[in-house]
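Worksheet for the structure shown next.
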Amino acid sequence: MGLYSYLLISIIIFTIGVYGIITQRSGIKILMCIELLLNSANLNLVAFSSFNGNATGQVFALFSIAIAAAEAAIGFAILVALFRLRDTINLDNINILRW
Amino acid sequence: MAGLISLMILISLAGALITFLAKTREQARTVALITSIISLAIALKIFLGFDSSISTMQFVESYSWIPSIGVTLKFGLDGIGMPLVLLANIIIPLTVFFAWGETKEANRFYGLILLELTGVMGVFTSLDFFVFYIFWEIVLIPMYFLISIWGGPRKEYAAIKFFIYTHVASLVMLLAIFALYFNSLGITGRASFDMFELLKSYQVMDGDLIRGVISLKDAVFLGLLFGFIVKMPAVPFHTWLPDAHVEAPTAGSVILAALLLKMGGYGLFRVILPILPFSDSKGIMITLMAIIGVVSILYGTFLALAQRDLKKMVAYSSISHMGYVTLGAAALVPLSVSGAMYQQFSHGLITGILFMSCGVIQHSAGTRIIHDLGGIAKYMPKLTFVMLLGFLASLGLPGMSGFIAEFLVLVNSYFTLPTFVILALFGIVFTAGYHLWAMQRAVFGTYNEKLGHIHDGANYEIASMAILVLLVLYFGLNPNPVLNMMTVNAEQLVKFAVGLRGVMI
Amino acid sequence: MFSDFAALIVLLPVIAFVLTLFLGKKLPHGGAYLPIAAIAGSFIISAGIFLEIYPEGIVQQSIPWFSSGSSTMNMGILIDPLAIVMLLMVTFVSLLIHIYAVGYMSHDPAKSRYFAETSLFTAAMLSVILSDNILQFFISWEVVGVCSFLLIGFWYHKPSAAAAAKKAFLVTRIGDVLFLAGIVMLYVELARIIENPANAFEIGSGNFILQFKTMFEAIPLIDKTQLTYITLLFFGGAVGKSGQFPLHGWLPDAMEGPTTVSALIHAATMVTAGVYLVARTFPMFAATPDTISHGVPDALLVVAYIGGFTALFAATMGLVMNDIKRVLAYSTVSQLGYMMLALGTAGAVLGSKAVGISMFHLISHAFFKALLFLCAGSVIHAVGTNDIREMGGLFSKMKITAVTMFIAALSLAGIGIPFLNIGTAGFFSKDMIIEGAFEYGEVTGDMIPYAFAVIAALLTSIYIFRLWFMAFTGKPRSERHSHESPSVMTIPLMILAVLALFFGFSHTGFYGYVESNFELMGVDLGVHEGEPFHPSVIVILLPVIVGVVGFLIAYLIYNKRILDMSKIISSQNPLYKLLYNRYYEPKIGADLIGVKLTHDVAAQTGEFIDRKIIDGLVIDTIISSTIFKIGEVIRKMQTGVVQNYASITILGVALLLVLLRLEFGGI
Amino acid sequence: MNLNVNFILLAPEILLTVLAFAVIILGLLITDRSKNMLGYISAAGILASIVYVLGNGMTGKVSYFYDSLVVDPLSQVFKLIFLIVSLIAVIASIEYFKNNRNQDEYYALILLSTVGMMVVASANDLIALFVGFELASMSTYVLAGFEKKNPASLEAALKYFLIGSLSSALMLFGMSLIYGITGTTNIPGIIDFFSIAPFAAESSLGVLAMIFLVAGFGFKMALVPFHMWAPDTYEGAPSVVSSLLAAGSKKMGFVAAFRVIVLALVAIRADVHFTFAILAIITMTYGNVVAVSQRSIKRMLAYSSIAQAGYIALAFVVTTQMSIAGGIVLALGHALMKGGAFIAVAVVGYMVLSDNKNAKNIDDLSNFAGLGKRAPITALGFFVFFLALAGIPPSAGFIGKLLLFYSITIEAITPTGVLTSSWLLLIVIIAILNSALSIYYYARVIKYMYVLPPVGEKIKEPAAYVTAILIAVVGTIGIGLYPEPFINMAMNAANIVLGV
């Protein structure tokens, strides 16, 4: 498998993530789609790392995974707080701030 | 030690701040009047010490400010600026005195008036383009407040329109100033906003803004011109003026017409004329200015004729009168230029009387609509007297200062711009027409009983106007004290333009 | 000695003006004695100067005013024969009328303002006469116009008076602008002549660019076409001020002012300023090229025709007016036409004699017309109306007025006895004009001005005697109690009557003196005097014959009533309608041009463009509202739904792709 | 790695990080009531950091941690901006979050976000850049939702979070591509690679990478079309946090863009005026046009902030020393003006709530009526900030715009090509018209403050707010009156950006 296969997979994951963000209504699902995007980038990094023959990419990926975890935690925290207040995490209904 | 000019500016600024902080109306107006009189005293001292036989800058003072981009606080006066500084110092104390009865937020009101004084004096004395621009912009703010706080029913619209219009113009002017600055930087390798250096560097500017369409020189010229004629204002960029005047309080109108409009004319003499002879398309530029001048004269006149509101009529008359300034400047004949300068000075005095009259009428009769007035001379004899003199002065009656100015402009512009002068002459008849027609309907005739019992103007109001009338008469009979210094500078200004005579239509 | 105080001639009335204005209310008679004393002083100084300089002295004093170098404007005094006769006449008539006004205005609450204004007027008029330069002339001329404006509108609470004042100022202003344009062109010509070293033309020290002296000296150097323009523009000013066709409409309306004002300003003095202007600058008129009619300078030809036409034209309207003052006003217009005619016709063939002829008529006219107006004032004072149809039979009640007015009418009609040289002032002055017109016809073959003059003379006689007969004879047509005026009013009448009768006998001396005017100034007129003048008997008799015929016609119709005028005076008669409506001049001038075209069409169009197009359409609608609308629309894109935001972010990425692709050509 | 390296240059970051943890620990130890002191401690720490930064000077260049952080004039200028903004925010928070029992976390988060921004300013490696970015972002996500009983605040946090993490993901993806192309994450290394092989940058992947980076930074900068979150978040978040976001975190995007994009562009000498010009113009016009119709002042300020981002982005259009210096000065000025303005909104909120505990729409325009009488210092602050935002001299806003406009004008008048120059001129004209338009909505608020009659009593303005506002006012006017040192500073920083 050459580099391009990894890249292809990564792009597919990326596209799925983008599609999900655009179409999904639930906050959780969107959060998951964002994770997909991040992971597609991670996949890239690791693949490039292997291709380039240095470890920087993998280090970067490790950082990114850790950060993604923290990000998810914050995201869930916000969603939970919101759910307590509004009883919904359907993003269509969360629009008191607009115009 | 600070020089007299900066002293004058600082005193008015300090006076403004003290006035803002004043606790009572009495304090505020007293401080304002005293400050403006001190400033007038300094201005008179400068005026009396002024050597009107030389065209160079006098009373120059210079302080370093932003050396990295070459900005210095440099002030000075010559025959172009001196009369206008004097005018500002005449108008402001009289305006304060005229508005002696202001009750609404007096401290802010008088404070803003003093700030206007600071601003216009800064404009008329700065010799550094950067500082000039800053004062130019600062002037807008107090006027914005004067209109929007003490104004009439549509004050907000008028104030914002005034602000945006003139601000756009100043930004365009700013761009042109940059171009000059960089040009000078490129030539001398020295960063400087010194006004004369920049204007001089214009002579060796080259390049195109858009190749084949407009050269850089022309673009810079047009940018500067635009900045000034919007302020004057000239047709077709004048529509902010009637609105601003109609809504502004009387004091605001007086300052606006007597001082702020003069900034535009001042720019023509200070900035436009020195570079005009070196413009790439000078013929076109001169024609353009002449057209703007004449169209303003005629258009302003006809519009004034159409007005129902006395104050709006006066506002349009300002447009018309300022047209002479543009025309005289465009003619590039020494005496037409000094006539144009004199027109600035004279119009400043005359328009004060006119707007004050409108203010007194509004105050007393509750309306300025000409149709709703009528026969008010019966109850307002004192007002009628000064107002009539003001109107006569405004229509260019010989013996009053306006005539000297218009005469000089018309006669001397005829050397180079005969066609335009003939067109402008047509305006004179109609100028007389709208003034007298308005007087006839508003002041004379049968008293309109619907107005109820009205009273004459307060003594301080009439006195302020009477002083202006006396000044108008004095400068109509003896123009020399200011005209001579103007002429000296005008000769200097057109020295390079001599070859241009006969280029034109 | 007196000439050292020449400036006081103007300054005394100015001082009187200031004092009367501010102190008049507190003084008896509204402070009338101040101006009277001042004008008397002016008269005395003028008379003193006259005695000093007669027969060939000139007083000239000048100081620089403003501006510098070769373009210095000055203020100064020039008293030459032309000026001194005017000075004497103006100060004298003005003095009499001021005295008369003490009685006439005695009941008016604002009389101090009246005296202040007439005093200022007199000062300005004297300044016009004394000016040694065209700019000061113009300035004074304008101040005169303003005083006229103020005095016509003296009873400003009357709408008609306020309107008439405005009309007077505006119509004369048209002339003034032409005059100013003439000055502008003249100045530029002179400056170019001075600038051009080839001309070797210099202004001597103590002399200034716009002085008459400089102007006259430069005449040979001025481009001939330009000279025609300049003189015609000057004449435009004169047309406005002297109420010549087509700017005559303001003068009859000006009768809204007090009668004394009409007498002083609109009959005797101010309106003659136009004639004085042409006389003053006569050398320039005479030097214009003769492109239209051989031997006749173009400018003078125009002057002659306008003057002659006006003389006739105004007289026709004088025939039908019922307002006593309007009749006199049209008469004034007509007589001013004669003066212009004299300058034009006689000027073309007789050179500077024309100035003498014209000025002589001017001065005799001043006497008899002032007298006519004062008599009319006396009548109005007594009867309380201006309408001659409501008068009648006043002769028995107001003998002095009736007699003096009859004398004035005789003088106006130019009645006298030819060959014996006995006659009224008007007889001598008008005769010379008509003969001059005839001489002009002889030389050039153009008899039209002569015809104008003769027919106008006939009409003049008819309308003035119509007036007199209707007012003073027949049965009283109203129930008013009328009485003779007080002596403060009748004495001036009598003095003027004496002058109207006997002034004519000074004619030979007068002609000689005034003719020498330009020679004294060292100006070569370039017009060669014609052959010695020997008109035929019929020519000499004709003016008197038409005068007498006119008198008879008026007598038969208005006294003997041999003809029923009611058929002619009806709204059915188109000719009568045309005359009665003053050739529709007010309708065309004020309503059509003044209101409809200028205000309703031009000004309102401007207003429309300004408010609706520049401001409304461009600023408010296109710029302002559009921004607001776009703002509102874009604002709605901010839906508040976060997926939309994400979608737009993604779209933005796509947009960037496109943009960068455009720039890089990559992807 | 040489452990003897002198870390004094990184002292501010270290100090703030330590302080952040100290604040949390201290918060556990002390009572809720005495937590008010934490604000003062944080403020003191930030002040100390400012002193450090200034003491370290604005010149020289030192790198740390295997060349992943660098201290140079560019980083120093932006650190100063970030520190000043957080100082203002912290001082204001002393009042805003007074007696809030979660103050310890709040201040710790502010400090950490500041550290994050400072790391971005110093980042010399994509990894460091990303970490700094995320540190700052995540802290501010939480800060935006700090009023957890307030649905608007939470909604603001959610939107900010979702769009923010989307942008982070895009940015990360872009970074991965760059790493793939160049084989390194070190920024100078990347630049070197691209300058040797410009075709690589112009390849499809290179362009894609650049777009993703622009999207990521553009999110922070609130450039249209990555701005959608900004109005909602600024409106919903607590005013002091909005102040931090608009004034500070926004600049993080700019410094990152200066570090990466501009450097890369300069390296490959690519002519991408057009793209950035379009972005800048759309951004400023959009911001101004929509701001005109807003009645919520926070929202209006948000749009105005978008518009200002458009002006600053003009720096990318010509990428000359002058333009970048202008961008930096305007960024500095904007930090003060906008930071101060949001704090002033907080005062209005305080005022409205003291009138009526249950007031809704506390930043509605109508509440500004007569503010000049009710809260004179706040009103004066608004007045200065608005005029400065509109670019009226003498103010920081004027100086910044001046430098920017004139850098473009000078490019326009010494043209490289006929088309370019007229394009540039058009840009300036549009910018000027925008500037004029902006006066409209600023003046409307000024009108409410000074022209309309007050709707309530005069209030006593809390000292903390007053201090914060006055700092901003003094800074705004000070830069306008004496721009000399700031221009020099910005010029030095611009040299770094240009790789000189």
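We just call them A, B, C and D in the order they show up, numbering each chain from 1.
One rule holds for everything that comes next: contacts are C-beta pairs under 8 Å (C-beta built on N, C-alpha and C of every residue); 3 or more make two chains touch, one makes a residue touch a chain.
If you're wondering where the values come from, they're calculated on a predicted model, not measured in any experiment.
Student: Just to be sure I understand: going only through chains that touch, what's the smallest number of steps from chain A to chain B?
Tutor: The fewest steps needed to get from chain A to chain B is 2.
Student: Quick check for you: compute each chain's CA centroid and the global CA centroid, then name the chain with the smallest gap between them.
Tutor: Most central by this criterion: B.
Student: If you average the CA atoms of chain B and of chain D, how far apart do the two points sit, in angstrom?
Tutor: 42
Student: With centres defined as the mean C-alpha position, give me the chain B-chain C separation in Å.
Tutor: 37
Student: What is the distance in Å between the mean C-alpha positions of chain C and chain D?
Tutor: 77
Student: Indicate the whole-number Å distance between the mean C-alpha point of chain A and the mean C-alpha point of chain C.
Tutor: 96
Student: By residue number and range, which residues of chain C touch two or more other chains?
Tutor: 635, 638, 640, 642, 646
Student: Quick check: what residues of chain D touch more than one other chain, meaning two or more?
Tutor: 158-159, 162, 166, 170, 231-232, 437, in rising order.
Student: Can you list the chain A residues in contact with two or more other chains?
Tutor: 21, 30, 91, 94-98
Student: Spell out all pairs of chains that touch, sorted by label.
Tutor: Inter-chain contacts occur between A-C, A-D, B-C, B-D, C-D.
Student: Spell out the part of chain A that touches chain C in their complex, as residue ranges.
Tutor: So the residues of chain A in touch with chain C come to 18, 21-25, 30, 91-92, 94-99.
Student: Which of the residues in chain D come into contact with chain B in the complex?
Tutor: Contact set of chain D toward chain B: 387, 390-394, 398, 402, 405-406, 409-410, 412-415, 418, 421-422, 425, 428, 432-433, 435-437, 439-440, 443-444, 446-447, 450-451, 482-484, 487-488.
Student: For chain B, which residues are in contact with chain D within the complex?
Tutor: Touch list, chain B to chain D: 65-69, 133-134, 137-138, 140-141, 144-145, 148-149, 155-156, 159-160, 163-164, 167-168, 171-172, 174-175, 178-179, 181-183, 207-212, 216.
Student: Which stretch or stretches of chain B touch chain C in the complex?
Tutor: For this pair, the touching residues of chain B are 161, 236, 239, 242-243, 299, 302-303, 305-307, 335, 375, 377-378, 392, 397-399, 403-404, 407-408, 410-411, 414-415, 418, 421-422, 425-426, 428-430, 432-433, 436-437, 439-440, 443-447, 478-480, 483-484, 487.
Student: Spell out the residues on chain D that touch chain C in their complex, using ranges where they run on.
Tutor: Its residues touching chain C are 158-159, 162-163, 166-167, 170, 202-204, 206-208, 210-212, 214-215, 218-219, 224-226, 228-229, 231-232, 270-272, 274-275, 278-279, 286, 289-294, 437.
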